[in-house]
Amino acid sequence: MVRRMNELNTFLFNILLFSLFFNVGISLYGIFARPSLIKKIIALTIFSDTANVLAIIVGYRGWPSPEQPPIPPVITSTEPTSEDLIRFINRAVDPLPQALVLTAIVIGLAVTLFLIFLTLQVYRLYGTTDVRRVARLRG
Amino acid sequence: MIELSTLTYLFMAMTGVVSLVATYLAILESNLIKAVVLSAIQSTTYVILFYLLMAPDIALVYIPVSVGLYPAAVLFLIKKTERTENDSNEVVASED
Amino acid sequence: MRFVGKVLGVFFLVFIIYVVFSGSVSAYDLITGVLVALATSVITANLVISNPSKLIQVWRLGWLLIYSIRYFFVDEVRAHLDVMRRILHPKMPINPGIVKVPYEVVSDYAMLTIANSITNTPGTVVVDVFPEEKAFYVHWINAVATESAEARKHVSEVFERFAKRIFD
Amino acid sequence: MYYLSIGVLVPSLLGLAFVLPLLGMIIKNIRFFHAYASITSLYALIVAAYNFNIVVREGPKAYPFGGWWPPIGISYEIDEINSLIALLTASVMFLITLYSAWYIRSLKDAPYYYTLLLGLEVGMLGCIYTGDAFNLFVMLEVMSISAYALVGFHRNKPEAIEAAIKYGLFGAVATTIYFIALVFIYASFGTLNMADLTNKVTLFWGHNLVSGLYYGQIYAATAVALALSLWAFTFKSAIFPNHFWLPDAHPEAPTPVSAALSGLVVNVGVYAIFRFFYTIFNPFSLMSDLRDMILLVTLILGLASGLIGAFMMVVQDDIKRLLAYSTISHIGLVLIGLSIGSSLISRPDSQAFVDGLTGAFYHLINHSIGKSLLFLASGVIIYMAGGTRKLDELGGVARKNPVLGIVLITGVLQLLGIPPFGGFFSKYLLYVSYLEAGAPYISVIINIISAVSLLGYVRLLYSVFFIIPKREFVRTSRLPLAVLLVLSVACLITGLLSPIISYWLRGFVEATTSKDGILNYWVQGYLVFWGG
Amino acid sequence: MVEELINEILMAAGTLMIVVGAIADLTGSIGLLRFPNFFVRLHAATVGTIWGAFVPLIGAALFAAGYVELGTHRWFVTGGAAVTALLILLLGPVGSHALARASYRSKAAIPYPLIHDALKEKFREGGKE
Amino acid sequence: MNSELYLSVVFWVIPIYLTAFALYSVRAVKGPTIPDSVLAIDSMSYDLAAFITILSILFHSPILIAVAMVLALWVFALDIYVAKYLESREMGE
Amino acid sequence: MRIKKLLVLGSLILLVLTFSLAFARGALGYYPLPLPRVRMLASWYLYTTLNPQYTNFTAMSPVAVAAIVWDYRGLDTLFETAVFFLAVVGALTLMRGVTLKSVLNNANNKDNNYGLSLISKTAARLLTPLIIAVSASIALHGHLTHGGGFQGGSAAAVAPLLVLVIFSVYFLLSRGISEKPMFMLWTAGLLGIYLTTLAAVFIGLLTGLNAYVFQNQPKFDAPVGLPAQISGTLISGSLFFLNIFEYLAVAGEFTLVFILLSMPEEVVKSFISGETYE
C-alpha cells in the first residue's frame, strides 16, 4: 500500500518535472525560431522562469510523513530553543536555491526590461519588430 | 484513502500540465496580446508551484514581476509597436 | 486645517490596514505603522479624501454596518442562488440585456459603492458609467425591465438608499 | 591575515558608479566626469596592482565576505593567474577611460557613458576575482548588461541597436543556461564555492565538514552541467558556434567600448573556462575523462573559430569589422592553447602542458594590448577620415600623422606575430607546445591561421599607409595619441622582455595548475578559514 | 471554557463558509465554461469571486482565529485573509467593470444576443464611436 | 475540541477546488477572446488566493498566507492593463 | 492549422505522461521523489540563521532566505542590485535627452480626456494608500517573515503604475511624481544599500578592530557587529536597513521605468531624430 502510494506520488511528481523540461524546450524554440522580437522576449521570460522553478525543485524535500508537509524556511518564534531548531531543521526546505532564484529573478527582470527598451528603439528605427525584415532592411 | 501528500503532488502535476499547455500556445500564438495573456496563465501556474514547493518568498517576488510587471511592460511595448507576429508560415488564427 | 483632517483620515485607514495585515500589535509594528501611515497619508491625502468633515460623523459607520449585514445576508444570497440556478439548470435560462440605471448620489465614493454593489451581486454588471448623465449602463442576466426607472427599482434602489446615507 | 584590498576593490568601484547618475543631474561641467572616471579607474589599477603584489609575495589569498567562511558565504579568491588578468584588465581599462575623455567630448551624456563603462569594469573584475560559482553568474550579468547598453549607446544608429538586441537576447539565454548548469552543480555537489568544489571533485579530503560529499548521480549531472556552462562561456568569449554576435556588436559600439569588449570582455569567458577545467575539474580529478572530452571539444572549437576568424578577416571592407573578426581568430588561438590540458594530448606535468598554457595566457595578454591599441587607433583614424569606416576610403591616413602610423604598425605586428613583439613569442609557444605534445598538425593549423590573417592585416596596412592621400584629413588632439603610444610601448615591452615574462608566466602556470597548486587553492580558499 | 466555546463556534462557522465557497467556486467555473459570451460569463465570474473567494477567505480568517494549534502566528493568517477579502471585495468588481467597458467599447467581445441594448442607443445618439 | 473534524471537512474541499481550477484553466486557455481569458485568470487567481489561505491552514504554516494578497492585488493590475490596452490610444494616456 | 496545433499539444501531453509513468515504474533507472532530507549546507543555514546560543555564528534573522540574501551571500544581492541599476541606466541612455517637462508641454493637459471610467478612478484613489500600507508591511517585516525590500518595493510600485494606467501619465506628473524625485529616491536607496554593506568596515576602521565587508553580526575574529535587537525587538542588524533602502530603490526604479515607457511616441521621436555620431 505504502509502496503503491509512493509510486503514485512519484508518477505525479514526474509529470511536473517533464512538463518543465518540455517547457524549456518549447521556450528555446520560441527564442530561436519565432520571428517577432516581442515573442522572443516572452519566450525568454518563460525560459528563465522555468529554470527558476527547476532550481526550487532541487531545494524541495520529500514529506516526512503523508500528513506532515515540509515547511518554508522561516522560524516562527523569535527565541527558539534547541528543540525548536532541531524540529525546524528536520522539516524546513533548502533555503539556498530560493535565495539564488531570488537573485536570478531580479536579474532576469532587469535584462528583460532593458531588452524591451531596445526593442522599442528597434521599432523606432526600422518600423518593424520582425527580425527577418530587420535583417533585410539592414542589407 | 487519499492523503494530503498525494493531493499536493496531484496539484503540482496539474499545474505542470497547464503550464505546458499555456507555454505551447503562448509560443505559437501569432496574436501577441493573446500570447501575453497566455504567458500570464503560465506565470500563475508557476506561482502555484512556488507556493506548493514551500517557497513563498519566491512567490512574493515572482507575482509582481511576472503577473504585474512583465505583462505591463510588454503591453506598453505592443501598444507602441505591432499587434501581431507576421509569421508567413502560419495562417493568422481567426477569432471565433 | 482641512488638509490635517484629510491626513488624519488617511492616517487611520493606513494604520489599521497595516496592523491588521501584520497580524500583531507589538511595539515594533505600532511604531513602524505610525511612521508608514504618517508618510503615506501626507503623500496621498489630497488624492484620497475630498471632504474630511464626513469622517467624524459616526452614524455613517453605523449605516455602513447595517448596510453590509443586509447586503451580504439578503441581496447577495438571493442573487447568488439565482445565478447558480441558472448555471446548473440544464436549459441555462438566460435573458441578457443592457439597461440604463440612473443614480442620484453626489460623491464619487457613493457612486463607487453603488457600482460595486451592483457588480458584486451576480446577475448585474456595470458596463459603463456616465457621470455627466448620472447613469450606469448595466448588463443584466435576466432583463425583466428595459425601461430605466423600472430597472432602477430592480437593480440599485436599495444600494442607493444606503450609499446616500453613508457617503452623502 | 585577510587583506581588505581584495574584498573592497569591486564593491567600492560599484559604489562610485552608483553616485554617478545623480552627479550627472547636479553637475553640468563635463570635465568633472572625465576626471572622476579617470581617477576611479586609476584607483582600480592601483588596488589591482597591490593585490597582484600580494599574490606574488605570499601566494593565493582569499577574502571571505561578511566574515562567513566558505562555503557558507561568498569569498573572493585570487591566485597568480587571475590577479594577473585583473591587473591587465584594470590597466587597459584605465587607458581606455583616458581615451574616452577624448572620444566622448562631443556627446552630452558623459555620466551615463561612464556609469556603464565603470559597470563593465566592475563586472570584469568581479568575474575574475570571484571564488564562487554563483557569484560568477551575477558578475557575468553585471558585465554583460553594461556591454549590451554600451553597444547600443549610439541609439540612433540602426545597426548598433540591432547588434545590441541580438547580443542582449542571446546573451541572456547564455547566462540563463549557465544558471541551469549551476542548479545541476548545486544539486549534485551541494556547494557553490569553487575551492570546495575542487576538493570534492579531486577528493583531497572528500567529505566536507559543512557541505557533505555528493548527492545523487553526480556523473551524469556533472556532464550536463559542464556542457551547459561551456556553452555559456563560449558565448561570452565568442568561440565559433556562438561567435555570430561579435562581428555586429563590437564594431557598432563606441570605439573605446569596442576596445574594451574586444580586448578584455572576451578574456572573461576564456578565464572562466580555465577556472572550470583546470582548477575545479582539474587533471587530477575523479571526472578527468569528462574533462578530457570537453577539452577536446574546445580544441576543435578553437581551431574552427581561429580559421573562421582569419578567413572572414580577409573579405572585410570595414576597418572595425576586420578587427572584430581578428578577435574571433585570436580568442580561438588562446582556446587552442588552453585545450592542451586534455590528457589525450599531453600529460598534466609535462613540458607541453606548461608551454601550452603559458602560451595561451601570454597570447591573451598580447592580444588584449594589441587589440585595444588597434581599436583605439581605428577610432582616431575614423575621426580623421571624417567618420567613414570603409577601408577603401581611408586612403593613407597614417601618412598625415606619423605617430599614428608607428602606433598602427606596432599593433599590427603585435597581433601578427613578428619577432620583436610579444605576439611572436606567444604564438611560438603555442606552436612548440603542440609539437612537443605530438600533435604537429595542430601546430600547422596555428601557422595557417597566422598566415591567413596576414592577408587581412596587410589589407588594413595597405589602405592606411600605401595609398597617397588625395584629400584633407581632420587633425586630432594629443590625448588619444599619448594613450596609443603608451599601449604601443607596452607591445614592445611584451616582446623585448619576453624571456622574463614567459619565465614568470611559466611559474604562475605551474603554481596554479600543478597538483600542489590546486591543493593550495583549496587550502587557501577553504581550509585556512576552518583552521585545518 | 468560554474561550474554547468561542473557538469552536469560530471554526464551525469558518468551515461552513469554506464549504459554501468551494461549491460556489465549482458552480462559477462551470458557468464560465457554459455561458455563451463574455458579458454573460461576467456573472458566473462574480459568483466565483464573491462566494468563491470572498466568503471562504472570511471563513478561513474565522477558522484560523479559532484554530489554536497554529500558534501565535494564527493572527497573521486572520489579518492577511481579512485584508485579502476586503481587497477582493473592492478589486473584483472594478476589474470586471473595467474589462466589460473596454471590451464593449473596443468590440473585443460582442455581447449579442441581447434583448435590449441601452448603451448602443446612447452611443448612436452621442455620435461617439 | 473538534478541530480534527473540521480539518477533515476542510480537507475534502481540496478536490472541489482542484476541479474548479481545471475548468477555469480550460476557459483561460480556450479564449476565445482576450477578455475571456483575462476574466478566467482573474477569477482563478481570486479563488487561488482563497485556496492558498485554506492550504496554509492545512499545512500548519501560517506564513504562507502573504502570497494570497499579493496575488489578488497584481491580478487586478493585469485586468486594468488589458482594459487600458483595449480602450486607449496609448498606454500612458 | 488549429487541428494540427491541438494534435501536437495532445501528443506533447501524452509524451509527458508516458515518460513520467515509465520513470515512475523504474523503466530507465528509478527516478525517486525528493528525499526527506536536505543538503548539509542547507542544514547549516537553517541551524545558524537564528541561533541565540551561538552569538558569534548567526545571522539573527528567523527568515533563512532573507538571511542568505542579505547576510550570508550579500555580495550576490549587491551586484544583483547593480545589474538592475545598470539596466535602468541603459534604458535612460536610450531615452537620454527626453525630459518630462517637454512631454507635459506638448500635451493638451486635461485629465478628463484620458484614462478609464470614473469607477476605476475612484477605486484607484482609495487603493493607493492601501497598496502602500501593505507593501510597507511586507518590506518592514522582511527580516521576520517572508518578504523584504524587493518584494515590498515592487508591490509599492503598483500604486504609481495603477495611477499611471487608470488616470494618465499627465495626471501623475501633475501630482509631482516625475522623473527627478524618483531618480532621487532611487539613488538614495542605492547609496543606503551601499553604505550599509560597508558599515561594519567603517566601524572597524574607526575602532581599530577587524571587520569584513558585508558583516552583519559579530564573528569570532571580527567583534564588530550591527545591532541585532533594539530593546528586545529583533531587527537583525543590517537586514532591517537593507530592506528599507531596497524598498525605496526598487519603488523609485520601477516608477521611473514605467514613466519612461509611457511617454508619448511622437515626442520621443522628435527628440531622438537628428543625432549624429562619428
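Labels A, B, C, D, E, F and G are assigned to the chains in the order they are written; within every chain, residues are numbered from 1.
By our rule, a residue touches a chain if its C-beta (ideal position, glycine included) is under 8 Å from a C-beta of that chain, and two chains touch if they have at least 3 such contacts.
None of the values given here were measured: they were computed from a predicted structure.
Within the contact network of the assembly, the step distance from chain B to chain E comes to 2. Contact with chain D and chain F alike is made by A, G. When chain centres are set by their Cα atoms, the one at the greatest distance from chain D is C. Taking F-G and C-E together, the chain pair joined by more C-beta contacts is C-E. Chain E and chain F have CA centres that are 10 Å apart. Between chain C and chain G, the centres computed from C-alpha atoms are 33 Å apart. The geometric centre of chain D is 57 Å away from that of chain E, both derived from CA atoms.
Per-chain Cα centroids separate chain E from chain G by 30 Å. Counting only residues that touch two or more partner chains, chain B has 4, 10, 16-17, 20-21, 24-25, 54, 56-57, 60-61, 64-65, 68-69, 72-73, 76-78, 80.
Multi-chain contact residues, meaning those touching two or more other chains, occur in chain F at positions 21, 33-34, 38, 60-64, 66, 69-70, 73-75, 77, 80-85, 87, 90-92. With touch defined as above, residues shared between interfaces to two or more other chains in chain C number as follows: 17, 21-22, 115-116, 126, 128.
By the touch criterion stated above, chain F contacts chain G in their complex at residues 63, 66, 69-70, 73-74, 77, 80-81, 83-84, 87-88, 90-93. Against chain D, in their complex, chain G makes its touches with residues 39-41, 44-45, 48, 71-76, 78-80, 82-83, 85-87, 89-90, 92-94, 96-97, 180, 183-184, 187, 190-191, 194, 197-198, 201, 210-216, 219, 221-222, 272-278. Residue ranges on chain B touching chain F, taken from their complex, read 4, 7, 10-11, 14, 18, 21-22, 25, 33-34, 37-38, 40-41, 44, 47-48, 51, 54, 56, 59-60, 63-64, 67-68, 71-72, 75-76, 78-80, 95-96. Across the interface of their complex, chain E is touched by residues 116-117, 119-120, 123, 126-127, 130, 134, 145 of chain G. Listing the residues of chain E that touch chain C in their complex gives 24, 27-28, 30-31, 34-36, 39-40, 42-44, 46-47, 49-51, 72-73, 75-80, 82-83, 89-90, 92-94, 96-97, 100-101, 104-105, 111, 113-120, 122.
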